[in-house]
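The structures considered in this document are given below.
What follows is a pair of complexes built around subunit A, which joins subunit B in one and subunit C in the other.
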Partner chain A sequence: MSDLSSPADRASPTIRCLLGMLGTDVHNKGIRTLAQMLRDHGIEIIYLGEHNTCEGMTQAIIAEDADLVGLSYSSSNYLDYTRQLIDTMREQGVGDVPVMLGGLIHPEDSDALRQMGVSGIFGPGSKIEDILDFIHRAVGRADEPAR
Partner chain B sequence: MTKPKGNKDCEAPSEQVRKDSIEGVKVALSRTKTWGGMETREFYSSPHIDSDPYHAKNGEPGQYPYTRGIRPSLYRKRMWTLRNIVGYGSPEDTCEGIREALRAGTAGINVVIDALSQQSIDPDHPAFGVEVGAEGCSLPSARDMQRLLGDIDITRSGVAFHSTMMTYPLVAAAAIRQGKALDRIMGSHMPDHLQLNLSGWGNELVPADLCHKTSVDCIEYCIRNSPKWALGFPQGYDLRERGLPPHGEIAVGMAIVNKTLEDLLERGLSIDEVAPNLAWVSSADIDFFEEVAKFRALRRLWARTMKERFGARNERSMALRIACHTAGNSLVYQQPLNNLARAAIESLAALCGGVQSLETCTYDEPVCIPTAEARELATRTQQILANEVGAARTADPLGGSYYVEALTDRIEEEARATLSKLEEIGLLEAISNGTIEQICDQYNMDVERELQQHERVIVGVNAHQPEQVEQPERFTFDRSHTEAHIRRFIQMKRERNQEALHDRIITLYQVAKQGGNFHQAMIDALLSDGSIGEVWGTVRVAHGYSYDPFNVIQTPFVYGA
Partner chain C sequence: MSQLADKAKGDKLVGEVLAGSIRTASRLISRAEACDSSITPILKQLFCKAGDPVLLGITGPPGAGKSTLVNQLIQHYRKHDKCVAVLAVDPSSPFSGGAILGDRVRMNQHAADPGVFIRSMASRGQLGGLAKATGDALSILQAMNFDVIILETVGVGQSEVEIVRHASSVLVLQMPGAGDGVQSVKAGILEIGDIYAVNKSDLPGADKLVTSLREMLQLSSKMHPWLPPVVAIQANTGAGIDRLVQHIGEHRDSIRSGGEVHASRARERVRYRVVEICRQLLNESVFSGAGVTDTQLSAIANHQQDPYTLAEKLVGVL
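Entry: the complex of A and B
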């Protein structure tokens, strides 16, 4: 399917990616499919699923020692929720964990999302190769001091 | 801050407009001749009816097993209902949206509720404030249902609610406050709670056993008390959106129907009391011929099931009515204007498949909730199909096509095979243990792999991408009404008669805990200004679940032992 190296070929330990949704959004098709595809590429998925609060998700990031967080949105309030999550993560001392977004993200909102600290945005039509590439780069960067 | 409009600013259109729109005018059949001038018949069939095995298997339009449609004259006698979805912000905002849609020529309104209200979460829940009114109308109390309905007399005009939990109790409570008898109220909602569990709500929000109990209770209560109230059951549309092929929609939908009907019959209702009030909520996806075949296979399987399995005698139990929405998940974000073509083809599939009501998705559905322009184009699409394309002229226009007949047989066969497997496991078990969810996940993965390998091409997604794309406009609305609506809700909670409410909440708790039908008690609690969060939360506690499925807030009530 792709020419990316399998996890066994890499020296670094398995990447732990936490995937989840915030609020009451029930459109879980995309994130469930992504979870399986990332697993197929050797990423360890901590699947938090739907219906999380920002507080609950932050606790999970800490408890699971996640390397990065992926959020999926099919509803329009992603700016508010993402800001709330990143604020909570910073308050709880895990503001350095990279955050990526997928789903129905409008390009007009990209700048605002990046300003609040989102490092990967994967709107409609994104390719798995690009997401994998981002994950590997983001986790490498995560070793540097937090912003 | 803008003051919210009161009811008087939000009155429904003039009597005549309302009568013509909600009650009367459907998409009209303007012509039975072809565009070239040839007269056509109501339907066409084999010249050798008596000896033809095809006829024995399918009947004619209007004949058992209704493969070819529920009436011989289908749309000539009664056109499909052109529906449009409306719902955002406060009840007053949505009331205004309804007015706009009626002005644009919509005959039937589908009211969409926001995600919080759909999940029976109050708008003052501390974790989810930003979602109030964002993707539908916030409708957390009987008073808000009254505001939404404005001066619409629900014994004369049917509003279709595109929602499940608490919808009927809210409508019933509003009707009682209007002084209307419950046995005269019209309209519909979609009481399929099990489907919610499968469509991303999961066991935390809606445990399968509680879903099933609530659906059975709700349908029983509606049939006994509001026989004119139509029930969109099962809700096959969301199952398709979650990830099922056409035969999967039929299989899972029928499994839900069979299990629910069995329990209703055990409660002493007869199949001929229940089945005529059900309408299948279905999708029309992009594969035109496959979708036409699906509707045909679905009607045939339904008719046989009602007659052979449940012993129905009334033809209205066997002739399945279908409410169709074109497939939201077939529409793509890239080059959204292409979605106009998709939705038009899907709408034509629904009509060639003989559905009774049709909501055509707006082209901007993947981008935002519908803009006024997009909604108007969806309406015009159906008007073009009715008046220019000739979609309504002749019942089952593809009947007899070798291709469509073969697909119809194949879909029924596959649906029966999957249905048997699910019933062998047991429906509730197959939901709780994730069997059905796995089927959906596998289907979605297969689609994704096919897209990556270009075995499946979607224009603009994995082929034929434009070099430069202009971003579509997004729907926006003034949130000041929503904020005022939340404040008003908090004030209602503070000012109501707390003792009277408490008594009714305790009664609800006890009825539910003892396993009785808790719908009357829910209506009573709503009439005491209990909120949907409080009423549903109490039902959850009575069934051994947490008051708040998100475990953020505690119940304000003391239920006792």
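Entry: the complex of A and C
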């Protein structure tokens, strides 16, 4: 029953992006909207929802062979959570997977976040074009036009 | 790279998968999804190292509770120290090719358990409820010492025949309020299940659905040693799961005790798998250029040549 004409066969590998929230954060509207927008641009989203632990999320990165990870925050303890996640990812050998953040991130924290290893920060009002552009560059497929 | 170096690299990956490396397995599944034919020698080796896990397919309409049930099954099997792998398929958007794979959310409580491997797959244009790389992914997982492998299909609800072609036990999940008996008959679900579960038995209409499924199965059951049981469950609380697991075990025992029905089904699955691989090989030669030239395609487009002859030639090449 396979669709023989599927153009996916010839295109370059599909980008797989893991999206989720850490800790007790429950405002998932932003990340759901982002998931849909990325889906509509040809990206496969592995949606983890809220209440993830750093350990669980890292294992998901491995099992899903994710190309990048997106986290969304609406509470103020994102510095701690992000540091913990990136530490766990490094311990588990997937520290090279790019991490991007969205949600209520204070501009004055972005230097600290980048120093931790966060490679993309998208606060409220970010444009989807910018996010897509970042994703394609982060996973090393910048030469591809966004679908 | 030289062939020898390729082989050494391949052997290393095979060794890692056999030793249970989830990372290597998940990378290989990605390569299978990307139709990377250079992993075929690896898949060949792994296929012959397959263990004998329970291979359970779960299908049913969208929102029936398949993922919630998988979560309960994982919990149950983990309590008995059994390692579990899950392939959960969700649909790709036919327009963008993208997908939101959301089955994993329901199984998050097992995220950090090293005895559980959950992999989400997008259907990527494959019809019938599974992903194109399902067969390859199963070859990989079966070589990994899992006691149970669970395949969750896309929520389709009609003619999910694909699952029968990959799983040795098929569980059809239904829920009350999703239609009457005639619809189940029309949808062909009475022919594909080895076990039927009515989920959301807390909702009205569940008992009636159980009864009517039992009646219809009795009527349609062929000269078969196995009459599919029907169990009422509640996947969000775990009610009925023990009995369901018992039936899964009984079906497995029935397979193990031999019998021509099971043997012929196993042969049928292989037959289908071979055709699937042929199709992929043809796909490659037709689309990646080697097998077909633009001149040929234009000649056919202009009706100077016909597609039948070209197809025959390609199959002949195989």
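In this text, the second predicted complex is superposed on the first by the 129 of 147 C-alpha atoms of A that agree within 3 Å, B and C clash if a C-alpha of one lies under 4 Å from a C-alpha of the other, contacts with A are read in each partner's own complex, and residues count from 1 in each chain.
Quick note on the criterion: contacts are C-beta pairs under 8 Å (C-beta built on N, C-alpha and C of every residue); 3 or more make two chains touch, one makes a residue touch a chain.
Keep in mind the model is a prediction, meaning the values are calculated, not measured.
Of the two partner chains, subunit C is the only one that A:P13 touches; subunit B does not reach it. Legend: residue contacts after superposition of the two complexes on their common chain; A:Q36 is shown touching both subunit B and subunit C. By the touch criterion stated above, A:N77 is placed in contact with subunit B alone, subunit C being left untouched.
Legend: residue contacts after superposition of the two complexes on their common chain; A:N28 is shown touching subunit B, with no touch to subunit C. Once chain A of one complex is fitted onto chain A of the other, the partner contacts of A:G93 are limited to subunit C, with no touch recorded for subunit B. Counting residues of subunit A touched by each partner, subunit B versus subunit C, the larger count belongs to C. Of the two partner chains placed around the shared chain by superposition, subunit B and subunit C are both touched by A:G49. When both complexes are overlaid on chain A, the residue A:E108 reaches subunit B alone and has no touch with subunit C.
In the superposition on chain A, A:D65 makes contact with subunit C only, while subunit B stays out of contact range.
In the superposition on the C-alpha atoms of chain A, the part of subunit A touched by subunit B in one complex and by subunit C in the other spans residues 1, 36, 49, 51, 53, 55. Residues of subunit A that touch subunit B in their complex: 1, 23-29, 32-33, 36-37, 49-51, 53-55, 75-77, 80-81, 104, 106-108, 123-125, 128. Interface residues of subunit C, counted against subunit A in their complex, comprise 22-23, 26-27, 29-30, 33-35, 92-93, 95-102, 104-105, 108, 111-112, 114, 117-120, 122, 124-128, 132, 161-162, 276, 279-280, 282-284, 286-288.
Every residue of subunit A that touches subunit C in the complex is listed here, in rising order: 1-4, 6-11, 13-14, 16, 35-36, 38-49, 51-53, 55-57, 59-60, 62-65, 93, 147. Those residues of subunit B whose C-beta lies close enough to touch subunit A in the complex are 115-116, 118-119, 121, 127-128, 130-131, 134-135, 199-202, 204-205, 241-243, 329, 332-334, 366-369, 440-441, 444-445, 448-449, 452-453, 460-461, 465, 471, 474, 549-550, 552.
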